[in-house]
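Quick one: this structure, given as C-alpha cells, is what I'll be asking you about.
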Amino acid sequence: MNPVNYLYLAALLFTIGAAGVLIRRNAIVVFMCVELMLNACNLAFVAFSRLHGNLDGQIIAFFTMVVAAAEVVVGLAIIVSLFRSRHSASVDDASLMKL
Amino acid sequence: MENLIALLVAAPLLGAAVLLCGGRRLDAAGHWLGTLLAAASFVVAAVLFFGMLGRGAEDRALHQTLYTWVPVESFRADLAFQLDQLSMTFVLLITGVGTLIHVYSIGYMEHDERRRRFFGYLNLFLAAMLLLVLADNYLLLYFGWEGVGLASYLLIGFWQHKPSAATAAKKAFLVNRVGDIGLSIAIMLMFTTFGTFAFGPVLATADKASEGTLTAIGLMLLLAACGKSAQVPLQSWLGDAMEGPTPVSALIHAATMVTAGVYLITRSGAIFDAAPTAQTAVVTVGAVTLLFGAIVGCAKDDIKKALAGSTMSQIGYMVLAAGLGPIGYAFAIMHLVTHGFFKAGLFLGAGSVMHGMNDEVDMRKYGGLRAYMPVTFVTFGLGYLAIIGFPGLSGFWSKDKIIEAAFAKGGTEGWILGAVTLLGAGITAYYMTRVMIMTFFGEKRWQPAPDPHRAPDVEPAAADDGRHLAAGPVGSPAAEGPAGHPAGELPDPHESPRSMTVPMIVLAFGSVFAGGLFSINSAFVHWLEPVTRFEHGHPPVSAAVITTATLVVLLAGAGLAYAQYGRRPVPVTAPRGSLLTRAARRDLLQDDFNHVVLVRGGEHLTRSLVYVDHTLVDGVVNGTAASVGGLSGRLRKLQNGYARSYAVSMFGGTAVLIAATLLMRAV
Amino acid sequence: MSAWSGSALSAPGVHSLWTESAPGGTADAAAHGAASGAAHEAAHAVARMTLAAARPVERIPTPKIEYAQLAPVLIVLGAAVIAVLLEAFVPRRFRHYAQLFLTVVALAAAFAAVVGLAAGGHATTRAGIAAMGAVAVDGPALFLQGTILLASLVAVFTFAERRLDPADHGHRVDSFAAEAAAVPGSEQEKAAVRAGFTTTEVFPLALFAVAGMLVFPAANDLLTLFIALEVFSLPLYLLCAVARRKRLMSQEAAVKYFLLGAFSSAFLLFGIALLYGYAGSVSYGRIADVVDGSAAPVDPALASTMGNDALLLIGFALVLMGLLFKVGAVPFHMWTPDVYQGAPTPVTGFMAAATKVAAFGALLRLLYVVLPGLRWDWRPVMWGVAIVTMLAGAVVAITQTDIKRLLAYSSIAHAGFILAGVVAATPSGVSSVLFYLAAYSFVTIGAFAVVTLVRDAGGEATHLAKWAGLGRRSPLVAAVFGVFLLAFAGIPLTSGFTGKFAVFKAAAEGGAGVLVVVGVISSAIAAFFYIRVIVLMFFSEPQADGPTVAVPSPLTMTTIGVGVAVTLVLGLAPQYFLDLAGQAGVFVR
Amino acid sequence: MSFPLLTATAVLPAAGAVLTAAVPAGRRTAAKWLALLVSLGTLVLAAVVTVRFEPGGARYQLTESHAWIADFGVRYELGVDGIGVALIALTALLIPFIVAAGWNDADEPAATATRRWRPTQGFFALILMVEAMVILSFEATDVFLFYLLFEAMLIPMYFLIGGFGDRAHAGSDEHAAAQRSYAAVKFLLYNLIGGLIMLAAVVGLYAVAGNFSLPGIVEARASGDLTMATSTERLLFLGFFFAFAVKAPLWPLHTWLPNAMGEATAPVAVLITAVVDKVGTFAMLRFCLQLFPEASRWATPVIVVLALVSIVYGALLAVGQRDIKRLVAYASISHFGFIVLGIFAMTSQGQSGATLYMVNHGISTAVLMLVAGFLISRRGSRLIADYGGVQKVAPVLAGTFLIGSLATLSLPGLAPFVSEFLVLVGTFARYPAAGIVATTGIVLAALYTLVLYQRTMTGPVKEDVRAVKDLRPRELLVVAPLIALLFFLGVFPKPLTEIVDPAVRHTMSDVKQQDPRPEVEAAK
C-alpha cells in the first residue's frame, strides 16, 4: 500500500491534535491532544522510514515515545499541583497573569 | 600728531569706564571727572585743529590705524581713524558743545543721586559719537553709530522709574535699529561690490560700480540716516525722546547725534553723486521731514516737544541740502554746526525755564518769564533769532544758503524744493515766535492751584524738594523724577545757577556769530571743499531775490504768531483746535499708525505663533507618542492570559510562516 | 560529516534484512547515527553474507564517542545525576550547601573544559563532529556553550541566595517553595515551612537544563536537536512552578509554559518528520546536501521525495516555528510575559539568558548549516519575523506596569534585534549574533537579580509604581539597575550598544538596510520605556509604603557585579570578545 | 609618543567626576571645591592646548591614535583643528563659572538628606562628566567615537535636567516635578531619536567606507579611492544632519529646548545651550560638510530656509514669552539659526562667523542666563510679570543683566556683534535675500531683549521686588570675567579668528567652494 496514505493519516491526526489543543479546556485533555500530535509525528516517521527504506525514522519513533513519557511525568506533576491548588484543571481558569 | 586722534575717543571712554564701574565712592567727584575728560578731549581737538590749519588744504587729513579689528580672509575691518576737515568740524562741535553741556549738567543734575552715572553715560556718548565721526571705514562707523544709539537709550531712559521714560528709550533704540538694518545692509553691499568698506577705496571707486548697486547702497544709507536723524518715516522716536533730562535733549537730540545721518550722507557723497535716484529720495525725505517737523512744532504745547519738532525740521533742511550734492554738502554741514549752537542753546534755555518752573513743560502754564530769568530770556531770545534766520545771525547765513541751493537744483524740482524750504522758513518763524511769546511774554499763567488728583502721591521726597527750592534750582529729583513733583508747590521762577547760565551764554555767542564767521569769504565752504567738493549753485533767480523772499516769509510767520498769541491771552488749557492741529499734536497720527499696525499686529503675530509652537510643532510630536501609546494599549489586550488563545496565535503564526515560505518559493 | 556518506550508501535491502533478522540492531541505544554510521563497513559485508545464507548477523561494532570533545556536556550531566543522588542521600540541612558546591564546581569544570577545547583548536582548525555525527564541536558551539555555562553559573548564585527574606522559623529561605508539592496555604505547606524544607531540587534541575542547552546549539542532527530541546525544557517547566511567593502565579506560569512548550515541540517534531521525509535523513549535513542537490547517490525513493519541495518547505517552517518559540519571537512570544512574570525571578533570569542563547545557537546552525541552499526562501520570512518582533516587542512594552513583564517584552524586542543579525547570513552576522547573545545574557541576569532585591511584604515588589523614588532610597541599586536599563536601551558605552551596532552593521553589510532602519525606530520606541523606569526611580518622590531594598549575600552581589562588569567592559573595550566571536563565526559541516 | 594632552583634558574632568561623586554625604562643600578645582585644572589644560596649537600648522594637531575596535574599523583617534580648539576653550572656560554659579543649587535641606542620597555630589559630578564628554567630542576625529560621546552625553545631561530642577516654579512641588521630568524625558527622547537616526547613518557609512576615520574618509573621497552614490551620500548626510539639527536645535525640532532650559537650574540651562548644543553645530561644520560635501551643497537651500525660519520664528516667540528662561531659550533658538546659516552659507566669513558665534553666544547667554538665574532665585519666580523696578533695588544686577541683553542683541563692542555681522556678510555674499531676511533678526533681538529689560528692571518697584538683594560677591565674581571677555572679544576678536580661519579654509576647500568675488576689484 502506498505509504503516502499513512502520511495523510499522520497529518490528519496531527491536525486533530492541534485542534484539540485549541478547543479543549481541561488541561489533561489538552495535554493528551499534544500526545496525539506526537504520535502523529511517530506515524509520519515510521512511514517515511518505510518509504526511504532506512531505519532512522523508526528509531526516532522510539525516542519520541521516551520523550513523550518524560513529558507526561513532568506535565502531570505540574497539572496536578495546579489542580490541587485551584480545584480545577481548566486552562482558562489559570489566567491570573495577563496584559 | 595723528597719534592724538585715538586720545579724542579714549579720554571720554576712560571717563565712562571709570564712572560706571567706579561705584558709589566716586559719587562726590564723578561729575567733575566726567567734565574734565570731556574738556580734555576738546583741548586735544583744538590742538589737532590748529595743527590742521597749519597744513595745506590737501594734506590736512590725518590717519591713525590702531589694529585690525575683524580680519577674516578678504573681510578686513581696521580699527583706524581718519581725521579730515569734515570729521574735524564734527569733532569740534561734539567736544565743544559736549563740554558745555557737561558743565551745564553739573548744576542741572545736582540733586540727582545718580548723577555719577549720568556723567558716565554722557562720556560714553561722547566717545561713541567721536568714534562715529572719526572712523575710517563703515563698519567702525557702525560701531559708533550703535554706540550713540546705546548712549541715547541709556540717557533717554535715565529716569527708569518712569515707565514713560523707559518706553521712550526702548522706542528710540528700536526705531534706530530699523535704520541700522539699512546701514548693515549697505555695508554688506559695499563688501560684495567693492570687496571692502573702508571710506578710501569705496568712495574712490564708487563710480566703477553699477548704478543699480549704488542706488541700493544709497537708499540703505538713507534708511540708516532716517533712523538716526529722525527723518520721516522713522522720526517718531524723537518726540518721546524728550523724556530724557534736558541736557541730553540738547546734546544728543539737538546738537550732535541726530545730525549723524547728515554726516553719513555727506561722507558717502561720492556714492550718492553716482546714484541720482538715491539723491532724489534723499531730498524728498528732507523736504517732507522739513515740513512735517515744522507743522508738528506748531501744535505742541510742551516746550521741549516743540523744540524737538523744530529739530526734526531743521535736520530736514540739512538732509535736503545734502541730497543736493556738491552744491549742498557744505551748507548742510554749516547749518548743522550753527544749528548745533542755537538749538543746544534753546534746549538749555528750555531746561533752565523748566528748572524754574518745577519741571513744568507746558508752555500754556508759562508766560511773562522774561522778568524772572533774564539771562535765560536773552540767550533763548538770541537762539530764537538765530533759528528763524534773522539777518546777520548764524541761522540766516546757513539756512539762506540752503534755500538758494534748493532753487539752484534747477528745473521744476528746484522750484518745488525752493518753495518747500521757503515755506519751512516761514513756519519755523511762526512756531518759534509762538514758543517765545508763550514762554517769556504775555501775562504769567503759572499760579496753578494745587490740583487735587496730584495730592495722593505727596511723598517724603517732597520735603527735600522743598529744601532744594529754597536752596536754589531743583535738580530733577531722582527719587520721583519730574512726574512726582510735590503737589501744590507754587512754581517760583528764578534764574538758574552760574554753572547752567554760562554754557547758555557761550552757546548764544555761537548762535549769533558762528554763521557770520563761517561766511566771511565763505571760509567754511573752502575749509570743507577738499572733502565734500563744492560747486556753486546757480539759482534761476538772483540770490538777493531769494533772500528778500525769505525775509518776507519770515516776517509773515512771526507776525501771524504774534497775532495769535501776542495780541490775545493764551488759554491755559489748549483749545480743541482744527483737525490739522489735533493731528499735529499727535505727531500727525504717525504714532497711532505705528501702534495699530506694528505693535498690535506684532502682538497678534507673536501670540498666534506661541499657540502654533505649542499645538502644532509640539503637538505633532506628542501626537505621535500618544498614538504609539494607544497602539501599545490595544496590542496589549491580545495578551489576555488564556493559554489557548496563545496557542491559537502560535498556530496562526505557523500557518502564516508556512504560507510565506511556500509563497517565497512560488514567486 | 564523513560519517554520513555511509548511510548514503546503505541500500534498502540491507536495512529491511536487518529489521527482519536483527531486531537487536535497533536496541542500540546510542544515537541512531551509530546504527547507520557503523553500517558503512558492515553493510557490504552483511549484504554479501545474505546472498550466501541467512546466518545471524555478526555483532555491530559499538559506536565511537569522542568523550573528550563532549566533556562539557558529560560533566554537567554527570553532576546532575550525582545531584539527584545527593537529594536522595544527603541530610536536609547540608543539602543546600552540597548542591550549591556541586553545581558550581560542575559548571566551572564544564567551562574549563570548553576553554580547553577552544584552546585545543576545536573552535577553529580542529573543529569537527563528535558522537557519530550527533554533535558538532566547532566555534559557535563552543562559544555559546561557554556563554551558557558562565551565564548559568552566575544565575545559580541567585538560585542560592538566602538572605533576601527574613529567616522563617529560624530557617534561611530562598526564592523557592518549601515543598512544591504542597497546596499553597495548606497545613502541609506550613509544616514544611516550619520544618525548614527547601526545594534544593532546583540545582539538579538546573544542571539538567544546562546540559540540554549545551547540546542544543551543538546538535548536528534533528533528532539530537529535539532531544536536547526536551532535555532543557522539561526541567525549566518544573523550575517555573516552584516559587515560594505567589505560588498560584508560579504554577500557572508552569502550566502555560508546559502546554505551549509541548505544543510547539510537537510542531517541531512534525517538521523534523517532514524534513526526514524529504531528505531521508535527519543529519544536518545530509539534508544540506540533498537541498543543494549535491547528494549522491540518489536512490529512487529519495529522488521521489526530493522532488517534493512542499515537504522541505513546510518541514522547514515547522522546525523554524519550534525554534522561534523558544527564542520568543512574535507571534510565538505570548508565553514569554506570563512565564517571566510567574516564574521565580532567579529562574526567570536564568531562562531569559540561557534559553535565548541556546535557542539562537540552534537557529543559527539550522539556517547556516542545513538550509543555506534555501536562503532565498527563508531570508524574506525571517525579515518579516524580525521586523514584527522588534516593533511589537517595543510597542507593547510601553504600557507595561510590571517590571518583570516589562523585561519580558524587552527580551522580545531584543530577540528581534538578534534576528536582524541572523538574517544577515554572513560570517560577520554569526559573530555579531554570538556577541550580542553574550552581552545580552549577562545584562538580563543582572537585571533580574536586581529585581529580586526590591521587596515588600508580598515578596518582590514588581509593580512599577512601587519602584518610584528608588533612586533616593538606595541610589546604588537604582544606579546599577539604571546601567542595565541603559544597556538594554543600547546607549553607547554599554555592552548593549556594542551588540546592537554589531548586529546592525552585519545586517547592513548583508544588504538588510531596511532592518537597520526598523531596528533604529524600534530602539527609539524601546528607549521610551526604559527611560520611564529611570524617571520613576530617580525623579519621582518615594512613596511612604515603598518597598525595601534587601541587602543580599555575596552570591547575588557577585551576580550583579559580574553583570555590571561585563556590561561596561563589553561597552568600552569589546575588541577581545569581538575577536572571540569573530573566530567562532564559522560552522562546521 | 608625547604626552596625550587631548586625552588628558577629557580624562581630568572625568576622573574629577568620579572623585566628586565619591565624596561622603556630610562633606558636600568639599565636593563643590573639588569640582571647582578640577574644572579650573581642565581650564589650564585647555589653555595649554590653545597655546600648543599652531594656527599655521597641520589641519589636525596634537593627534592621538590608538587601536580600539578593529572589527568596527574604529580607532581611538583624537585631533583638534582651530574650530575644535575654540570650542574646547569655550567649554573649559564656562564650566568653572557654571560650577560656581550652581554652588548651592543642588543642596537639599538637611532633613531630606540621607546617608546615601548625595544630590550635591551628584550634581557636580554630572557637570564634570558632561564636560569630559563634550571636550572629547570636540577632539574626536573618529566618527564612531564622536557618535559614542554624542549619545552618551545625553545621560548625564538628562539627570541634570530631570534631577535638579529650578526651585522657582509656579504651582505645587508635584506639579514642578512632573514638569521637570517631562522636560527631561522630552530632551532625552528628541536627542535619542536624532542619535538613533544618526546611528543608522553611521552604520551606513561603515557599510560604504569600511572605517570611521574622518581624515581618512575625507582623504579617500578627495583622492577618489572612495566614491559614494549620490543617493547614498544624501541619505547619510540627512541621517547625520537630522541628529545635529535636533541638538542645535533647528526649527522645527526645537521644542525640547524651551522646556529643558525652563525647568533646569540656570547653570544647567547654560550648560545645555552654551556648551552641549554647540556639539550639534560643531558637528555640522566638521562631519556633515567634510564627509558629504556634495550632499551638503545639495541640501543647502533647504537648510538656509530652515535657519532663516529659526531666526525669525525663535525671535518672535521670544517676544511672546512670559517666562524669563523660556525667553532666553527661544532667543537661543534664533541664535542657533544664525550659526547654522553661517555654516551653510559656504563662505569663509560665514563659517568663521558661525564658529565665533558659537563661542560668543556661549559667553553672552551664560551672562544673561546666570544673572537671570540669580534674579529668579531671589524672587522665586520665573514670570516676567512678577518683576519691575529691579534696577532701583539692585543696580549692579540690573547693569550686568543689561550688558547681557546688549550682548544678546549683538551690540557693536560686544563679542556677539562680530560673529553675527560676519555671518550676515557671509550669507549676504552668497544669498543676498537670505542675508536681508536674517538682518530682521537684529531688530527682533533688540525687541525681545529690551522688552525683557524694561519689564523686569525698570518702572516703579514692585512690592515683592523690594526685598531683592544686589549681587553677592560670589555672583559678581562669576559674571564679571565673562563680561570682561565679552568686551575683549568684541573689540579684539583677532586671537580667535586667527585660530579659526585656517580650519575654515580647509572646510571650504573640502566643500569645493570659493568666496564670491566682489563686483568691483577695489584698489586696496
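Couple of notes before you dig in:
We just call them A, B, C and D in the order they show up, numbering each chain from 1.
Here is the rule we go by: a residue touches a chain if its C-beta (ideal position, glycine included) is under 8 Å from a C-beta of that chain, and two chains touch if they have at least 3 such contacts.
Here is each chain with its UniProt name: A = NADH-quinone oxidoreductase subunit K; B = NADH-quinone oxidoreductase subunit L; D = NADH-quinone oxidoreductase subunit M.
Values in this document were obtained by computation on a predicted structure and should not be read as measured data.
At the centre of the protein atoms shown, by the Cα-centroid criterion, sits D. The greatest centre-to-centre distance from subunit B, using averaged C-alpha positions, is reached by A.
The pair with more inter-chain C-beta contacts, choosing from B-C and A-C, is A-C.
We define each chain's centre as the mean of its Cα atoms; on that basis subunit B and subunit C are separated by 83 Å. Averaged C-alpha coordinates give centres for subunit A and subunit C that are 23 Å from one another. Taking each chain's centre as the average of its CA atoms, subunit A and subunit D sit 65 Å apart. Here the CA centre of subunit B is 37 Å from the CA centre of subunit D.
Within subunit D, residues 189 each touch two or more of the remaining chains. Looking at subunit C, one finds that residues 255-256, 259, 263, 267, 337-338, 528 touch two or more other chains.
In subunit A, 18, 21, 30, 91, 94-98 are the positions where the chain touches two or more neighbouring chains simultaneously. Chains touching one another, given as pairs, are A-B, A-C, B-C, B-D, C-D.
Against subunit D, in their complex, subunit B makes its touches with residues 20, 67-75, 79, 139, 142-143, 145-147, 150, 153, 157, 160-163, 165-167, 169-170, 173-174, 177-178, 180-181, 184-185, 187-189, 191-196, 201-202, 204-205, 208-210, 213, 602, 605-607, 609-610, 613, 617-618, 621, 625.
Across the complex, subunit C is touched by residues 625, 628-629, 631-633, 635-636, 638-639, 641, 643, 645-647, 649-650, 652-654, 656-658, 660-662, 664-665 of subunit B. Within the complex, the subunit C residues that touch subunit A are 7, 10, 12-13, 15-16, 18-19, 25-26, 32, 35-36, 180-181, 183-184, 223, 226-227, 230, 234, 237-238, 241, 247-249, 251-256, 258-259, 262-263, 266-267, 269-270, 272-274, 276-277, 280-282, 299, 301-302, 305, 337-338, 341-342. Only residues 255-256, 259-260, 263-264, 267, 309-310, 313-314, 316-318, 320-321, 325, 330-332, 334-335, 337-338, 376-378, 380-381, 384-385, 392, 395-400, 525, 528 of subunit C touch subunit B when the two sit together in their complex.
Residues 472, 474-476, 486, 491-493, 497-498, 501-502, 504-505, 508-509, 513, 516-517, 520-521, 523-524, 527-528, 531-532, 535, 538-541, 573-575, 578-579, 582 of subunit C are the ones that touch subunit D when the two sit in their complex.
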